[in-house]
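Same chain, two partners: chain A is paired with chain B first, then with chain C.
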Partner chain A sequence: MMDTGRLRGATVWRGGGLLALLAAVAIFPLVFTNALLTTIAVDTLIFVGAAAAWNIFSGYSGYISLGNAVFFGCGAYTVGIAARDWQVTGTAVFALLPLAAVVATVVAVPFGLVALRVRRHTFVVVTIAVFFIFQLMAFNFSFTGGTTGVSAPFLLWNPATYNDPFYYLALAIGVATIALSWLIRGSRFGLQLRAIRDDEDRARGLGVRTMRVKLAAFMICAFVTGLLGGLWFYFITQVLPQSGFDPAFDLSVALMAFLGGLGTVSGPVLGAMVLVPAQQYLTEQFTNDYLSQIVLGTLFLGVILLLPRGVIPTASEKIASWRARRSGRPAEHAVTPAVQAAALPGEPTAAGTAGKESAR
Partner chain B sequence: MSALLRAEQVSKAFGGVQALSDCTVEVARGSITGLIGPNGSGKTTLFNVITGYERVDAGDVYADDQKITNGRPERAFALGIGRTFQLTRIFPRLTVMENMLVASQHRGSGRWRSPLARAGGQADRRRAMELLDFTGIAGHATALADTLSYGQRKLLELSYVLVADPAIVLLDEPAGGVNPSLIQHIAARIRDLNARGTTFLIVEHNMDFVMGLCDSVTVLDYGTVVASGPPEIIRSNPRVLDAYLGTTEEDDAPAQ
Partner chain C sequence: MGRQIYEAVVDGILVGGVYGLMAVGLTLIFGVLDIINIAQGILVILGAYLSYALSVHLHIDLFLGLLITVPAMFLIGVVIYWAFIQPLRGRERTSMSLLASFAVAIIIEGILYWIFSPNYVELNAWYVTSSVRVFGFYLPYIYLFGFALAVALVVALYLILYRTRFGRSVRATMQDQTASRLIGINVNRVAAVTFGIGVAVTAVGGMVYGATSGGFNPNSGYDLISRLLAIIILGGLGSIGGALAAAVFMITLESVVTIWSPNWAIVVFYAALVIVLTFRPAGLLGRQAVRAQ
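Moving on to the complex of A and B:
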């Protein structure tokens, strides 16, 4: 058990670090005005939010969804179609963003009611199937523009600062999502989700209305992802069936959370901040999108094999045991253990760790 | 004494296996009732049917004269029926305290509580600590449940079932795979709770445990009740000896 003085010290350090990071992120576009750089930054922030949203549902409940592009695409198409059909132009298009979130949330209800009846691997397969249904619909309906997709209304903004509004909007959504994720993790709702991850049937026997809890988390995840889909659409200015409903999106958000630490608050954020720039860099280097995809896929396999619990849980455990060794305490007590990730619900967990569960 | 829990002519088949057939079991209010029988005689299936984990093919289940046939586990819990599992089931990646708080979220359900409120208010945590003290694992409150020994897991499972103040607790082999001193500890806790008004229905293979603790024992064989009554009568019932205990009482070594 940590003594309160050290605990308070850690909190101050953590709070200070967080503020410094936030300040750095806030002034980033003022310092770096290179459009290429800020474009990557906007992409990164969109994925920070999307990975954090994915984690609120999949990370906490253990239901690994590979169909989150459904919400992303629905958000993008919603604002695209709405702006087109209602002839909304200029900055007013941003007023349509809440609609993207609402439509994605509504889509999550039937999606969830079907998919959440099955567990583990079956659930993963069902989410993939639903994803392809949506992509096919986008290809084949006329109101989605078929293969040509939907284009965004032109924004007459100063090219030098064009990316800035997108940057700050994505940042606001990302920060709000991280805050929500942190709030949920320590809440009754979050505890119910984590109980479902560990043993869903046992949770039911203790009065947890599991379907309701799972569906609520799925809808929250859809809300944020849909909102980001809408923002992404205005940023990219066009949505196609294969870019709105992109299988790489499904995999990327999951990979980010796995890399950083499934079920932790900061893990998916770290994952997105590492992977998106890395992905962009690889694309630049190889000037071949497919090659970078192969590298991404290999990385996914590597993470699952070598760091199945993610960077944050593994690292915080290492640090804690190093500290414990230095202060001569038994490691067991100081370990801040980490959420043992990677296991699907009901699967045996990795080696046990003792100590205090703490929200990160 | 009225029956707090009653399964009436319940039948349940899994494919060709008739796990329960026309099974009628009553648990009197305030009693400690034992449920014994050979492996595969339908004891756990009966638990599953009562607590909503399995649906019956025929028959009915009543709790306090209220029909709860084919309800869901959440409903059984809300009606004050708590249960443990034969292979203990806890939440391994939550701390012991968090395990307790999962169950405590539904106490005092009359008042709406924000789902985003921090898990575990002062009252819930105090109550959880009291129960952990009572079962003797309070020292492990901040440990991950995964690190508990098998016996401690049994105690944790018993503890969080008690959080909701259940009227009746169904225990599936509380003494299975547990060392003798812990068996005594568990038996003593059950007696304490029973003295305060909690009713128990206990599946157990350990005959000393069952005969020493229970007011009434029901014997199942092939999904049907073979005998029911006070332990001393059951002990000498020839049908029971034949079905379960073997020819002599000395043979009744615990199966697991």
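Moving on to the complex of A and C:
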């Protein structure tokens, strides 16, 4: 076991690093005023929140959802239609954002009740099917504007600082989601979710109300994703069926979480912060759109084959074994419990502990 | 009206047979490898483009061209398996393979866009343009030929699976991989060949799809894979008969709803999946209620 002095040192370092990072992110738009750069930054932050939200449900419970664009699109359409029909204009439109989150959460209830009855591959495919139903509804209903979509009210803001409010709103949502993810991971609720991932039948046998727990996580994920969808709509100023309900969104959030490390708090954040700028850079770099698509696909394959468990778990394992070698102790004793939890998804105790706790 | 429905049903059964063949390939891969090959949709389109290239540049008949495209697609399938699927190991193998096959799909899509551009193309031959009078209405020959070929291939697959030594090892691997390994089956080779066969049928599916869909481009792969996934889930994952039945059922349903509203037809398709799964989570002909996580 680690001596407490070094552990406290590590905590101080980690806390300090986190604060420094937060400070750097907070002053970013003040330093870099280039509109292209801040646009990419807003996109990145929206995906940071979306990937972290995806991870709260899919990463912790092991139910891989490829239908999160349903919530994103519902959020975008909700604020769009509300602003259009109630004639809300100017900065007041941001007051509608909670509505986006609420509608997405309400949508998650029937969606979850149907989809969460099945597992593994079938669950993945049902989420895809529901996603297509929503996209087609957006195409075919009249109140969604059909193929022309919905446009956002025009914001009369100074073009030089136009992106800043979006940046800080996305940052606030992102930070709140990461904090929520961290709180859930350590809580009894999070333990129950991870017990479901490890062995759902055993978790249920030990007293976890699996359906309720899964649905709650699904709704939390929908809440955040819907909120971000609303924000994204005001930022882009238009939503179309194929951009609001975008299959690329479904896959991007999943890929970000996988890249960083499924089921870890920081993994999806890292994944989003690497992938979104990389994608934008590739599109800029290669004037040929298709070539950038091929490069992106090849990168994904490389990551999957070389880092199959994601960057964070692999890296923390490497650091732990390096520390152990330096202090001359066997690796398995030097690994901190947190690292162990991140590195070994199949903690054998998770199902048992969660069951005991809820039985109490 | 009655006549329209009758036409739609015949149409649905004929097209459904071809979808059935493509779905059988997908469900076979799932049964043996326990993975879902997301790239199946774009591979169908790749098969269609191969047929297109052969017929436009070398003037080879579409059906004769299959003698080249089917082995080519088989090889592509085996290579994809060896290079990207087999190296995946461990606990997250299932979800990683989903992503790996999706990455493969993105790459193939990019290459196809690059070579063939996003313009819609169509496969042409005399049997695509000229029609024959069947059951009182006119139908292009390709529907009948494609259906006949699909049926023949499904029967051939059935014979391979149930009447040959290789087929027995495939079915054994589907039942229990560890036990199959213990009795001396080379599971890796079975898996590679199965993946190859599952991909090879897309050459046929792609050719018929390209000739009957009225135009395709690389983006059509998404439409195909979502339908195929719905079909194999509805039929029960890993069930070959289920995949065939579900394909004919879904495509016929879609084709009948199209009479009233072409826009909503595809919604009915997915809604049918959701409704069936609400009552039968294992699909129509699924064997096990829930596979262990």
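Quick note on the criterion: the second predicted complex is superposed on the first by the 325 of 360 C-alpha atoms of A that agree within 3 Å, B and C clash if a C-alpha of one lies under 4 Å from a C-alpha of the other, contacts with A are read in each partner's own complex, and residues count from 1 in each chain.
In the analysis below, a residue touches a chain if its C-beta (ideal position, glycine included) is under 8 Å from a C-beta of that chain, and two chains touch if they have at least 3 such contacts.
All of these numbers come straight from a predicted model, not from anything done at the bench.
**Student:** Quick check on the superposed pair: does A:125 touch chain B, chain C, both, or neither? Answer first, second, both or neither.
**Tutor:** The answer is second: A:125 touches chain C but not chain B.
**Student:** Between chain B (first) and chain C (second), which does A:209 come into contact with in this model arrangement: first, second, both, or neither?
**Tutor:** first
**Student:** For A:21, decide between first (touching chain B), second (touching chain C), both and neither.
**Tutor:** Once the two structures are laid over each other on A, A:21 reaches no partner at all.
**Student:** Just to be sure I read the superposition right, which of the two partners does A:297 touch: chain B = first, chain C = second, or both, or neither?
**Tutor:** Touch status of A:297: second partner only.
**Student:** So, does A:12 touch the first partner chain B, the second partner chain C, both, or neither?
**Tutor:** neither
**Student:** With the two structures laid over each other on chain A, which partner does A:187 touch: chain B (first), chain C (second), both, or neither?
**Tutor:** The first partner, chain B, only.
**Student:** Would you check which partner chain A:254 touches, where first means chain B only, second means chain C only, and both and neither mean what they say?
**Tutor:** A:254: touches chain C, not chain B.
**Student:** With both structures placed on chain A, which of the two partners, chain B or chain C, ends up touching more residues of chain A?
**Tutor:** Ranking chain B and chain C by residues of chain A touched puts C first.
**Student:** Now for A:305: first (chain B), second (chain C), both, or neither, which partner does it touch?
**Tutor:** Only chain C is touched by A:305; chain B is not.
**Student:** With both complexes superposed on chain A, which partner does A:199 reach: first (chain B), second (chain C), both or neither?
**Tutor:** both
**Student:** Please report the chain A residues shared by its interface with chain B and its interface with chain C.
**Tutor:** On chain A, the overlap between the chain B and chain C contacts is residues 199, 201.
**Student:** Within their complex, state which residues of chain A touch chain C.
**Tutor:** Residue positions touching the partner: 62, 64, 114, 117-122, 124-126, 128-130, 132-133, 136-137, 139-140, 199-201, 247, 251, 254-255, 258, 262, 288-291, 293-294, 296-298, 300-301, 304-305, 308-309, 345-346.
**Student:** Touching residues of chain A toward chain B in the complex: what are they?
**Tutor:** 1, 183-184, 186-192, 194-195, 197-199, 201-210, 216, 337, 339-340, 349, 352-357
**Student:** In their complex, what parts of chain B are in touch with chain A?
**Tutor:** 51, 53, 72-74, 76-78, 82-83, 85, 89-95, 98, 101-103, 105-106, 113, 115-120, 142-144, 146-147, 160-161, 164
**Student:** Quick check: in the complex, which residue numbers of chain C touch chain A?
**Tutor:** Residues of chain C touching chain A: 30, 36, 84, 87-92, 94-96, 98-100, 102-107, 109-111, 113-114, 222, 226, 229-230, 233, 237, 263-264, 266-267, 270-271, 273-274, 277-278, 281, 283, 290-293.
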